[in-house]
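Order of writing sets the labels: A, B, C, D and E. Residues in every chain begin at 1.
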Amino acid sequence: MSVTPFIVLSAILFTIGAVGVLTRRNAIVVFMCVELMLNASNLALVTFSRANGNLDGQIAAFFVMVVAAAEVVVGLAIIMTIFRTRRSASVDDASLLKY
Amino acid sequence: MIGFWILAPVMVVAALGLLFARKAVHAALTLAVVMISLAVLYLIEDAPFLFAVQIIVYTGAILMLFLFVLMLVGVDASDSIVETIRGHRLVSIIVGLGFGLTLVLGVAQVSFGSAVGLVSANKDGNIPAIAKILFTRYVFAFEVTSALLITAALGAMVLAHRERLTPKPTQAALAAQRMRDYADKGTHLGPLPPPGVFARHNSVDTPALLPDGTAAEASISRVLAARGTVKSVPEISADIHELEGGEDS
Amino acid sequence: MSFPWLSVLLGLPLVGAVLLVLLPAGVAAINVKRAALFISVAELIIGASMALRFHNGDGTQFTEKHEWIKAFGAHYALGVEGLGLSLVLLTVILTPVVILASWNDGDEGRWGPKAFFAWMLALEGLAVGVFAATDVFLFYVFFEATLIPIYFLVGGYGGPNRAKAAVKFLLYNLFGGLVMLAAVIGLYVQSARHHVGASGGPSYLLSDLSKIDFGTDVGRWLFLGFMVAFVVKAPLFPVHTWLADTCEEATPGTSVLLVSILDKIGSFGMVRFCLTLFPEATHWATPTVVVLATISIIYGALMAIGEDNIPRLIAYTSVSHFGFIVLGIFVLNSQGLSGSNLYMFNHGLSTAALFLVGGYLIKRRGSASIKDFGGVEKVAPVAAGLLLISGLAVLSLPGLSPFVSEFLVIVGAFVYSPWAGAFAVTGIVLAAIYVLLMYQRTMTGPLREDNAGITDLNVREIVAVVPVIALMVILGFFPKPLLDMLNPSVHHSLVQVGAHDPGPNVTPSGSSDEGGAK
Amino acid sequence: MTKFQAPHLEYSLIAPLLIVLGVATLGVLVEAFVPRERRYLAQTVLALVGTLVALGDTLWVFGKLNPVHGKVHPGFVVGQGSLALDGPALFCWILVLGFSALSILLFAERRLEGGVTAFAGQASALPGTEAEREASTRGLEHTEVFPLMMFAVAGMMIFPAANDLITMFIGLEVLSLPLYLLCGLARRRRLLSQEAAMKYFMLGAFSSGFFVYGMALVYGYAGSMDFAHIATAVASGTGAHALLLGGIGMLAVGLFFKIGAAPFQAWVPDVYQGAPTAVTAFMAAGTKVAAIGALFRVFFVAFGGARWDWMPMAWIVVILTMVVGSLLALAQTDVKRLLAYSSVAHAGFMLTALLGARSLADIGPGNIQPVQAVLFYLTTYGLTNMAAFAIVTLVRDSGGEATSFAAWTGLGKKSPLVAGIFSFLLLGLAGIPLTSGFVGKWAVFTSAMSAGAWPVVIIAVLGSATAAFFYVRVIVLMFFTDGATEGPTVAIPSVLTTVVIAVGAAGSLVLGIVPGPLLDLLGRVGEFIR
Amino acid sequence: MTTAMTAHVLMHAPPVVDPSSAHGVFSILWLVIALPALGAVVLLLGGKRTDRWGHLLGVATVATSFLLSLILFISLLGRHSGNRQVSQHLWTWFTAGSYHVEFGLLYDQLSALFLLLITGVGALIHVYSVGYMEHDDRRRRFFGYLNLFITAMLILVLASDFVGVFLGWEGVGLASYLLIGFWQHKPTAAAAAKKAFVINRIGDIGLSLGASLIFVTFGSTSFAVVSANAHNASSGTLTAIGLLLLLAACGKSAQFPLQSWLLDAMEGPTPVSALIHAATMVTAGVYLIVRSNFIFSLTENARTGVIVVGCITLLMGAVIGCAKDDIKKALAGSTMSQIGYMVLAAGLGPAGYAFAIFHLLTHGFFKANMFLGAGSVMHGMDDDVNMRHYGALRKAMPYTFATFSIGYLAILGVPPFAGFWSKDKIIEAAFGDNLVVGLCALIGAGVTAFYMTRLMLLTFLSEKRWEKDVHPHESPTVMTVPLMALAGLSAVGGLLLVNNWITTWLSPVVGAHVEHKLGVGSVGMSLIALVVVVLGAAIAWQLVGQRPIPTVAPEKVSFLTRAARADLYGDAFNDEVIVKPGVAGIRGLLVFDATIVDGIVEGLAAAFTAVSNAFRHVQNGFVRSYALMLFAGALVVLFALLAVNFG
């Protein structure tokens, strides 16, 4: 079982996630795209774990998941706050601070 | 490897769905597809523990949280596909393609040789092996993640929890207040009249009729009145008339 | 350990400045002024007694050395040779003069006389530091630090556009200073590489640095870094414009401190650092600098001729004079360098006199425009006389001190190249034009009606300027003490830079003819 | 099956960290069990005492590294290899804890808002609603900010001390999450504050995605998360080079983002401006220390052998950061935003030390080393900036802090002392001699030039000149321009803010005049353990 | 030392300045300078306190100086002719490297004559001024300036070093500036003063550079060293030095092309014109050339330059003198012309040095006499200077007329008056050198006769053309006595030539006089010259004396007259070629400075701000844009890393 296809897949997913962050306007979807990026990273970590023959990668993936969980809580809380204030989940609407 | 080749296209398509789905809910669902597929890949890659965690934490918890929030925000809300920032989309796509190509070509060129595989690492079972590393080498990191979780909880509390600033009024106090209002301002004491109930109209946007045939304003929600979606009495009466006329004819 | 003369000279005004600021608000302005004057006079006395203890030709004296920042190889190291001492003396002489002359100039400013005189004293202390530092790092620190007092003096006290002028001044000088910072850092790197410090580490002591052979490229780059700062400071064409703008807005006293003392840091630095540390680069740069200096001489003079605003005019004359000073330095011979060193002192005196007297008149007339004057000699003969003498000093009339220096520079330039001498010498004609044109337009002719109210100078104003003029006359005929002080350091600089005076083209035809010179 | 060996943790050495985490957790408990009216005092005292105790403990640990007598100890690897307690790490701890102590004072300042802190009374109440008004009339305040901040402090301590990528990532998140939250908790201008929180969060999450991917690539290259192993792998050069390069790049994105280096600086001005000023001060000082410490550890320890690979990238980032920071600050008209841009420029100046990376053999005796230089710079920058932001909180009108230039015009007349101190701080930021900023700049530029990066140094000094322009502009505004007689006033702060300003200004002055001891100290212990 | 030289060297090499140290009576040398200096200091610094007696102090100091000069002169006479050079070292002025400049005095045969002239004429003019300036409330200051002038002039002629000369040179320039502009409330006076100073400064370029070149060549600027080594220098160098010194002389002595200031200088009080702009200062150029004879004698080319300048100027001055109606300007033109003679003579080398000095002395007498006479006339005519308003003053001012007439005869070169002897010698020597030069000198003599006769006719003879309320009267005694003294000297000045005393006397300084044999012989030459002079006077008699003189200058005159009235367009030329383009250039430069030099910097600052303003809009507030920036940054970082390795 080769390694390269997994890594390529993870790279593709990561890129899609990143592009999603740039193009989507709904804050929640943007955040989902970030999660996609993290997932892609996890795939890479797990794959490299297999390639290297140690479990550090899996551990790292585990930590990433934990972190992601915490991040989601905080992130969604912030997004909710903004939504309740502005009645909009579009990231573009929060653009008072500029220049 | 067959599993991979089946899942990989599905995952890419699902991931692209994240880019193109107009409704956030759809995006969340495609993300779920990616995540579950990912869990399967973990299984393929000798990571049964992560398979479980992926299903439980990511798909089960995180994604559900997303969906909850989406529900709060409004399930029906859909993104406009018109890009408002000039040139943004084009540049994004160019940069994205450039980045993706660089990354993909970069990693694709790497010859990994044959993977070492996790047979030796997992010989006592994946989960005990992970546990061993996690609680020795990474025990510090593991402990510190608790700080993250507390932060998250605290953060959610701070931002979302509305503390009651005044003691909850008792029934007696409320009753007294109503009486006072009636006395001072003449506020209607009893419950408000219900909406009108007619043969063809029994929704909340239909006003009740007072004995003189006019609409009872208090019988409908002020919100609806403000939106202008209240059915007017003549409209209703026309309907009624039609019904009556039908009988007549 | 011997008495730390220079530290005292450095510290006294700084401490004085702080004390002045700390004086309770209730203290009358006149007492603040008296205190400032007292401190500066005390400084003058200390400076003079130090000068009397100076032994000509014994190299750097009154040295003090303490390690300051070991990691940088920086030391608190002070010491003066002839040039440094002369400029320290200039500083301590001019400060009381300026304080006395600017007695009431601080009253109208933004923060009153207390801050005005405190900044002046601070400036005096820092200027002493600049001229006495024998450690490049320390020098740089003082170099930059002097900008702040001037910045606030210009920005707080002066004409309507002073804020803009202050910013312009600061930015020009800061720009130069920062470019120099790159070179200062480069020096560190080199000193670390060459292990010149006491314990094999880096060192910023001039004595250590002068041991390094930087090599062609490095030396030239470092030289350029220093030169940029110095050229901005001793303004040469084309980075001179800040000077005119600053002088236009500043009070005359500030202008004196700026032009007479602080701008000397530039020319002083060229001698002290560029020549001493980078002899090869100095030789390499000489033609360019000479051309630039010559352009400055002529350009500054022409601008002065065309200028209608008196302080601006004086500023442009200084551009011209700094051209002479720099020219004298870079022709790399005894005559030029002696002349330049002397010029630094003399220019300080002559420009100070001109600024102060001009300032008196401007204050009386309420306008700095030459057009607004005319026939003032009639009502203010003393002012006119002092203006004329100052002007004559500025145009280097023989018998007044600037002549000797200017003549030596011209001779030096001529030794370097007859063309350099020929171009430089046009400066003396142009100087006559700008000075006399100004005098003619302001002082002579029929008295204009709106000038009739101008009163002549009062005793304080005269007392402030007279010492400067007296000094110019004395040094005009008898510059020997000063030259004896300067010449050993000139000689030392030339040895460092590896320049030799060409002998006369004609060798004396016999030993008997030598006798003729005696 | 090998027997499980219980992990051994060196509690005495990581005690400062544990104290901070403990204080944070205690803070949460205080929120739960202490009556509202007593929470403020309890939290403040708890946080302050905890921080100071941790600081004292850190100094004690630091004393072990650098004993009065005897050789300098290179440092300890603790926590099963998770943390490296060497000189730079412990100094970062000292800085972080010190700045935290000052920040706690700013957080606790109550006089400026009329008896409450600058944090929202009730974050969940919508801006402009009855609920918010009620919360504010009742004098509510979120004392949760103290435990949140303590968590961030813990993250800031873990980040530069982390000895492997996983711990570093955890540290990154531990420091980031509380800050995201804190940014959104301003009492005034809540829309801006929330927007800042969202921007910071979104971009922070985005950048940490890059960090994680970089982590994966480096792991793929080296087969380990340990910096020491990575260094060995880099030195042997056997792995797939593309993975290393990709990994370095992506990790760098995450780290540069936290530092606020261009082109990852976009969040800085918006977040600095929108966040409560006390948080901005904390963030500017603390995050920079932590992130710079982490960056230097990663690049010097793990990737030190691949110096030639990342050096050009570092050049580009450094130059870009200095240019963008200095240039964009020129046109700013808001003091807080100006300080934000200036912090970008300063990030660039600090990073010049990164270019000073050389093999140890190249560094002569007594020469300035990059880490020594950058740590000194961080000290000076942190102190100066802390005081500057503290002063920003003092200038107020009816709407809270007045940060526009228009409001600062003629401040020198209204309050010469405050304006004078602010000018001094600005001059310090501009790097005028006799302020610590100058010494710091000198040190980092020197270390860069020692490694031959003279073009960057020249750009850096030109950048400094540009930077001087906008600092001076503020001074001109305050002193040389006449402002309206109406308008903002300079509030008299309580002793808390006063202490911060005094400490910052005094530190800036003292370190400008006698930087020697600190520099020497850093010279002795300024090496990472490898 | 001179004696040690072989006769061969003596014939070709100019004499070497080799003074012996001053002792005995000569040690009072410094006092000659110090006394007027003291007077100047007291008068200028003393303020109003000295108003009452200041002028007396002025006279006393200069008179005492004269006495001292006389004593010194007599002492010098008493010395052996080879031992008449005395030096007094006062102090070292300045030192730079190998360059030492001493503050030293050199008293020799040449300076002795000058000392007498300066202090003598100076004292007389001081006395005269006591009367002339009686009603000026700034008389004290006038005397201060006069003393300052005397001091500077004495320094000039006593200095033992070119730099010392320069000190005096500029000092007299300053005094001249102050005195021309003495009535500075008159804009014309102020402008004239400035003009004089500035044009002199152009000449000073020559002296500065000359001194520089001398230093480069000889390693010193002292007369002693330079004169001893001059013959070793290359001829090119010597020519260059000579021409540079000539430039200096042109400035100070109002020679072409730097002549234009002298006519304007007549704005000063008349005693000033007499002392400075006729008798002494303007002859400093001649002094310089003669003093530098050790240079000029060795360079034919430079001498040719000197001769050319002299010839042009003597004709120019004469022509200008013919057309002026202002009595002082006419005399000023004459001064130019006469100095032209001296310069011409000095350019002839050893053949002419002594005659240049001789003419300088006699001219000093008779021109001072005539200027003072003119002053006396103006005094009587209420300061009217227009000769067309004069006429027939001989009766009203008999003393003035008499003394003036002697001056007139002297300048014309009528034997036995002083001018005859001196001018005749120059014409003779000129013919000995070159026919053209000789003719110039001769024609000049004729024109001189014309304009002087015209002046006499217009002023003292012809019919009276005064305004009604003018009452010409003789000046007070204090003014006429100096006139008489000077007239006396003008009459008997020729005695100096007795027995070729003057050439012999000066030969140790300027070298042995070389006599050229002329075809017509010395007496023949004198006769020819006399004829030319009489012719000139006769033409003037015919053209001026026999016709009515309009009180307003006629407009319809010949081109030559118009040109002469306009100073031969010297000023116009300067105006068009130097001043106007200069002013325009400076205006342009001011604009250049403000827009380009300053503008570039300020523009740069503005550009930075503009760029900043443009770029800050990239910070558009949209978090997605920031993310894009971050993403692009990541790409850049990746590229930078990859480019190094795979590029």
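In this text, contacts are C-beta pairs under 8 Å (C-beta built on N, C-alpha and C of every residue); 3 or more make two chains touch, one makes a residue touch a chain.
What you see is a predicted model; the values in this text were computed from it and never measured.
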Quiz item: Which chains are shared contacts of subunit A and subunit B?
Solution: D, E
Quiz item: Through how few touching steps can subunit C be joined to subunit D?
Solution: 1
Quiz item: Compared with subunit E, which chain's mean CA position is the farthest off?
Solution: B
Quiz item: Which chain maximises the distance between its CA centroid and that of subunit C?
Solution: B
Quiz item: Where are there more C-beta contacts: A-D or D-E?
Solution: A-D
Self-check item: Chain centre separation (subunit C, subunit E; CA means) in Å
Solution: 36
Quiz prompt | Distance from subunit E to subunit B - Cα centre to Cα centre, in angstrom | solution = 105
Practice problem: State, to the nearest whole Å, the distance from the C-alpha centre of subunit A to the C-alpha centre of subunit E. | Solution: 95
Exercise. Let me have the rounded angstrom distance from the C-alpha centre of subunit B over to the C-alpha centre of subunit C, please.
Key: 75
Exercise. Would you give the residues of subunit E that are in contact with at least 2 other chains, written as numbers and ranges?
Key: 605, 616, 619-625, 627-628, 631-632, 634, 638, 642
Quiz item: So which stretches of subunit D touch two or more other chains?
Solution: 123-124, 166, 170, 173, 177, 180-181, 184, 198-199, 202, 206, 210, 217, 242, 245-246, 269-270, 331, 469
Quiz prompt | Where subunit A touches two or more other chains at once, by residue number | solution = 7, 14, 17-18, 21-23, 25, 30-31, 42, 47, 49, 51-54, 56, 59, 63, 67, 70-71, 74, 77-79, 81, 91-92, 94-99
Exercise. Go ahead and list every pair of chains that touch.
Key: A-B, A-D, A-E, B-D, B-E, C-D, C-E, D-E
Quiz item: Any idea which subunit B residues touch subunit D in the complex?
Solution: 103, 106-107, 109-112, 124, 128, 132, 135-141, 144-145, 147-148, 150-152, 154-155, 157-163, 165
Quiz item: How about subunit C: which of its residues touch subunit D in the complex?
Solution: 67-73, 110-111, 140-145, 147-148, 152, 155-156, 162-163, 166-167, 170-171, 174-175, 178-179, 181-182, 184-186, 188-189, 192-193, 195, 197, 199-202, 221
Quiz item: Inside the complex, what are the residues of subunit E that reach subunit C?
Solution: 1, 4, 16-18, 91-99, 103, 163, 166-167, 169-171, 174, 177, 181, 184-187, 189-191, 193-194, 197-198, 201-202, 204-205, 208-209, 211-213, 215-220, 222, 224-225, 227-229, 231-234, 237, 585-587, 589-590, 593, 597-598, 601, 605
Quiz item: Which part of subunit E faces subunit B closely enough to touch in the complex?
Solution: 620, 622, 624-625, 628, 631-632, 634-635, 638-639, 642
Exercise. Spell out the residues on subunit A that touch subunit E in their complex, using ranges where they run on.
Key: 18, 21-23, 25, 30, 91-92, 94-99
